[in-house]
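Encoded as structure tokens, the structure appears first; notes follow it.
Going in written order, the chains are labelled A, B, C and D, and every chain counts its residues from 1.
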Amino acid sequence: MNTTSLSKIAWNRIPQARFAMWTLIAGEFVIFGGLIVVYLLNRMKYPGWGEMAMHTNVVAGTINTFVLLTSSFFVVKAHEAAVKKNVEKVKFWIWLTILCALIFLGIKAYEYTHEIHLGFTLSSPALLEQGKHVETLYWALYYTMTGLHGLHVVGGALALFFVMRNVAKTKSYFHRIEAAGLYWHMVDIIWIFLFPLIYLIH
Amino acid sequence: MSTHGKPQGLEHELWVPAEDDYHGHPNYLKVYIYLLILFAITVFASLIPNPMIVFIVVFSISIIKASMVILNFMHLKWEPNIIWYMLLLALIALAFLFLGLYPDTVPIERFFVPNG
Amino acid sequence: MKIFPENVSVYGDDIDFLFWLITIVAGLATLIVLFLVIYPVLTRKKHKAKENIYVKGEGFKQLKWIYLAIFVMAVADFSFLIIESDGWIKTQETLPEKDFHVAIVGKQWLWEIIYPGPDGKLYTSDDVKKFNTMIVPQDAVIHMDLTAYDVLHSVFIPHARFKFDCLPGRKITRWVEFTKSGEYPMVCAEMCGVGHSRMVGKVVVLPQEKFEKELAKIYKK
Amino acid sequence: MSTTHENKGFWHRFFFSLDHKDIGLQYLITTMFIAFFAGIFAMVFRIHLAFPDYHIPLFGIIDAKEYNILVTNHGLIMVLWLSMGILLATAGNYLIPTMLGTDDMAFPKLNKLSYWFFLLSVIILIISFFLPQKGFGGGWTLYPPLSVGDFGYNTPYKTFSDRFFSSNTFVLLAIALEFVALLMGGINFMVTLFNKRAKGMGLLQVPLLVWMIVIASILFMFSVGPLVAGTFMLLLDINAGTGFYDASRGGDPLLWEHLFWFFGHPEVYVILLPGLGILAEVITTNARKTLFGYKFILVLVLIATVLSLMVWAHHQFVAGVDPRAATVFGILTIIISLPFAGVILSFLATLWKSNLRLTLPMKWAMSAIVLFTILGGFTGLHLGAALFDMYAHDTSFVVAHFHYTLIPVVIFAGMAGFYHWFNKFSGRELNQFLGNLHFWLTFIFFNGFGIPLFLLGLAGQPRRYAGYDHIPYLSEGYLPLLREIATISAVILVLSQFIFIFNFIWSVYKGKKVTSNNPWQSTTLEWQTSSPPPHGNFEVYPVVYHGPYEYNRPGVDKDFLPQNQKI
């Protein structure tokens, strides 16, 4: 059986790096999905959360969404360059992506400091003093979801960096760019869901 | 890795080329621009005063955006079925989780014994 | 030798019946399984190697006995379900008209029983709180509000075949009706810390007149 | 044992090795090490229940807090570390590449990393015993709010270092790390199955055990996700003062129960499926018959996999879930018993009219089927009926039920596999007399322990009590006697495992060398190479021509036809 031709991909034939990455991504979806399910249900249960959502910085969130969408585009460009085995272009697009990740994290850090300044923290003792017990949970979930996502941004950027360095050094392993890129897209997709849930619905 | 003793003969049937890029490439720029347009719609839709409508509009656009990224940027369109099945199973699991949790979360009123 | 503790509630018989029904049906299935395991062992020498049947178990014709067994099992299972759903709806999903209302609140590690007080309403200022001993009238539907102050607890009255968890932050109302007066244990069935095994209260079931006298005594204090 | 690795030192072999066989053995030894303690715990708390005044050597007379710690850690270790460590990690690592006829896993480095995470989780779990709380004691289900504070006395932790260096935090970290380890392992298994099969081996020619381990890994991955998020939230509840499970802050303790059992029920199948796979291998080899209904079993298992994601709330029938939802979960629970009935019946059909060899692995396998079906499966019907569950929930009946589902799968099927493959991975033979002694002692005293527990549960004995003598209705009649029988049996059950450990160690060093690579005359690929397999598993990559269970095939002169042998 010769399976190299494009049209005859059987239902289970896929290179192993990509296969492993897709499996990982499916697993990550369930983790974040669990958090989003918890968030959605509590959001339905406590209408008071809408008021809390107004305290988030929509402008910063919008810029961040744009940054991540753009970085996703950069990663596919890097993949396109990797297919052509063009090391310089791969390096260029990956560096742009990592720059986007840094911008994202910077804006997120600015948001966090602002919110902590307002008294919204993981445990929000300030809200408790005002008698807003239920609302503390909103901020706990906010920090959990965005924090976990932020960790994935860091992880994805590091993965991209190391893969790029290895590719630049050895001039091979180009398929790893796509695998790391897949992970980066997953980070983007999670944000696509987090952004409206956290920032837009009041 | 260097200590690996490799057996003789054919390793295994060449299931797939390990590095060859055998899937198609959509026009990434076009997809990116569509994504930006949808993103703009999302942001403007959030200005609607009714939160329920905002939720429905914004969440469905999110699903469209996510599937565009998955299908085009992540090349799911060209991936074999097993990846689809796997993602489908993840969605099924999440749907069950949501349905199972719903009756025990949303309609429940909080209660504390007064003067407890 | 009795298997269950003596049944003193109106729905206890349903539960005992369900147990015996499933046990008997499962017992018949057990005999079949044992036969299917032991018979091949006893006759293992009879089959010379090549007399074996090379059956792959494909297609309906070869699998028909298994399909039949699964079908029979499905029928049995669903009849259990139908039989038990009556009792489940009666005990859990419906609340008959109440004769007496009481709240049981779990607390590490005792049961706090809240009686409604002279006004007959719970959670008002004249409520009376008692610990560990709950007095209830006989032959009367008793509504129990189950909740907890700190961690999860679970009210378990074995003689009444009643069990339900007490969760902090929510009120769950279930009912029970005792058919016989006496003292019955009320234990905690959910891990609640070091004193879990010492969290043993009792239910005192009294005939109506005697119960009213006792209740009046409690309210007086 | 180490014929192929003489030139490598201990550290190289048991810490840095990339070979999947070494990693499998690393898993085996680590899990046996930790399970040894869990077994001792069980012995100690059982003795405490039946003979509260007995001064237990090394432990003394244990108090309620120590009792809770022992029970909790017994459950945690047995379910999360032993069961998955043996059936998924050990069996998967050792057997998947050898059965698929390839040299190693798809990602050997990831495999090694996965073991390191597993080892780290074990170390962190052990550290949790040396923290001020002396171990976690809030029940293996870790239900908050009990698991958030000082589970012993409900006194909240004061400072951050108190909270972080507490047994709660460390146990949760250990669990999280173990999940990560098994997720990495699972990805590896899956990719290996799909991408590294021997030439000619179609997906339906893969031995059932490999399929079962891979399906179990996938199921594990999809069910564990929400619990990983939940564990993260519980860690924050303990350490950062959030209120995800605190009702006064808008959280909900029931949320944890849902997330936990959303994983916890599929977990039962994660353990069960590899067990069934081992049974399939052992039964076909010893029955000298082809497996009845290979595809049928595979389809049933796939159905059960999807169904198992929607039955979890039957652990919570009386935990405050909506009773109407409980009805739905009850129906689904009953439905999921049907596919497994089909699998067991297929195994029984394989035995039917067979020319079976009553070898030691076969004894383990057949008793696994009997015990699992009769006392584990059928009592599941009792508990699946929500109305009876209201009475039996959280009593010893449940304890007996899940011991009768897990022990046949983990111990009996696991031992069947161990005795079956021992001469493959060690190159030596086990002592048959000690093996038989181990089997019969385990079989008899497991029942001597389990059946009294059923009766105690029916008498209304709640679980996790550190003593029943102060409760009148539980200390009258024959109940104390039953507890004593159960305790003595449990003690002998645990002690008889020492026979096994002795036999294992003795046979590894002093056992008779195997004379044949394929002593059971089995067909699958791992038997077609030397014992133990060399580095890289095969001298020449095998080429596969047949399905995995070609026994007594018409037209073949021998009664078995190896997968890599042309007719």
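Just so it is clear, contacts are C-beta pairs under 8 Å (C-beta built on N, C-alpha and C of every residue); 3 or more make two chains touch, one makes a residue touch a chain.
Quick caveat: nothing in here was measured; it's all calculated off a predicted structure.
K.L.:
By that same contact rule, can you tell me which chains touch chain C and chain D alike?
P.N.:
Output, common partners of chain C and chain D: B.
K.L.:
More contacting C-beta pairs: A-B or B-C?
P.N.:
Result: the pair with more contacts is A-B.
K.L.:
How far is the middle of chain B from the middle of chain C, if each middle is the mean of its Cα atoms, in Å?
P.N.:
Taking the average C-alpha coordinate of chain B and of chain C, the gap between them is 42 Å.
K.L.:
When the C-alpha atoms of chain A and chain B are each averaged to a single point, how far apart are the two points in Å?
P.N.:
Measuring from centre to centre gives 12 Å for this pair.
K.L.:
Between chain A and chain D, what is the gap in Å from one C-alpha centre to the other?
P.N.:
35
K.L.:
Measuring from the mean C-alpha position of chain B to the mean C-alpha position of chain D, what distance in angstrom results?
P.N.:
Taking the average C-alpha coordinate of chain B and of chain D, the gap between them is 32 Å.
K.L.:
So which bits of chain B are touching at least two other chains?
P.N.:
13, 15-16, 82, 86, 89-90, 93, 97, 101, 105, 108, 110, 112
K.L.:
Going through chain A residue by residue, note those that touch at least 2 other chains and give them in order.
P.N.:
Each of 12-16, 19, 23, 26-27, 29-30, 33-34, 37-38, 42 in chain A touches at least two other chains.
K.L.:
Going by the touch rule set out above, which residues of chain C reach two or more other chains?
P.N.:
Residues 169-170.
K.L.:
If I apply the definition of touch given earlier, which pairs of chains qualify?
P.N.:
A-B, A-D, B-C, B-D, C-D
K.L.:
With touch defined as at the start, can you tell me which chain B residues reach chain A in the complex?
P.N.:
Against chain A, chain B makes touches at 13-23, 25, 28-29, 32, 35-36, 39, 42-43, 45-46, 51, 54-55, 58-59, 61-62, 65-66, 69-70, 73-74, 78-83, 86-87, 89-90, 93-94, 97-98, 101-102, 105-106, 108.
K.L.:
Touching residues of chain D toward chain C in the complex: what are they?
P.N.:
Spelled out, the residues of chain D in touch with chain C are 64-65, 68, 137-139, 141, 143, 145-146, 151-154, 247-248, 252-254, 287-296, 318-320, 323-324, 326-327, 330-331, 334-335, 337-338, 341-342, 344-346, 348-349, 351-358, 366, 369-370, 373-374, 378-379, 381-382, 385-388, 390-391, 393-395, 455, 458-460, 462-468, 470-473, 477-478, 551-554, 559.
K.L.:
Using the touch definition from the top, list the residues of chain D that touch chain A in their complex.
P.N.:
Residues 106-107, 110, 183, 186-188, 190-191, 194-196, 203, 221-222, 224-230, 232-233, 236, 240-244, 248-251, 255, 259 of chain D touch chain A in their complex.
K.L.:
Show which residues of chain C lie in contact with chain B when the two form their complex.
P.N.:
Touch residues, chain C against chain B: 103, 105, 114, 123, 125, 147, 149, 169-171.
K.L.:
Taking the touch rule as given, give the residues of chain A at its contact with chain D in the complex, in rising order.
P.N.:
Against chain D, the touching part of chain A is residues 12-16, 19-20, 23-24, 26-35, 37-38, 42, 46, 122-123, 125, 128, 133-137, 140-141, 144, 148.
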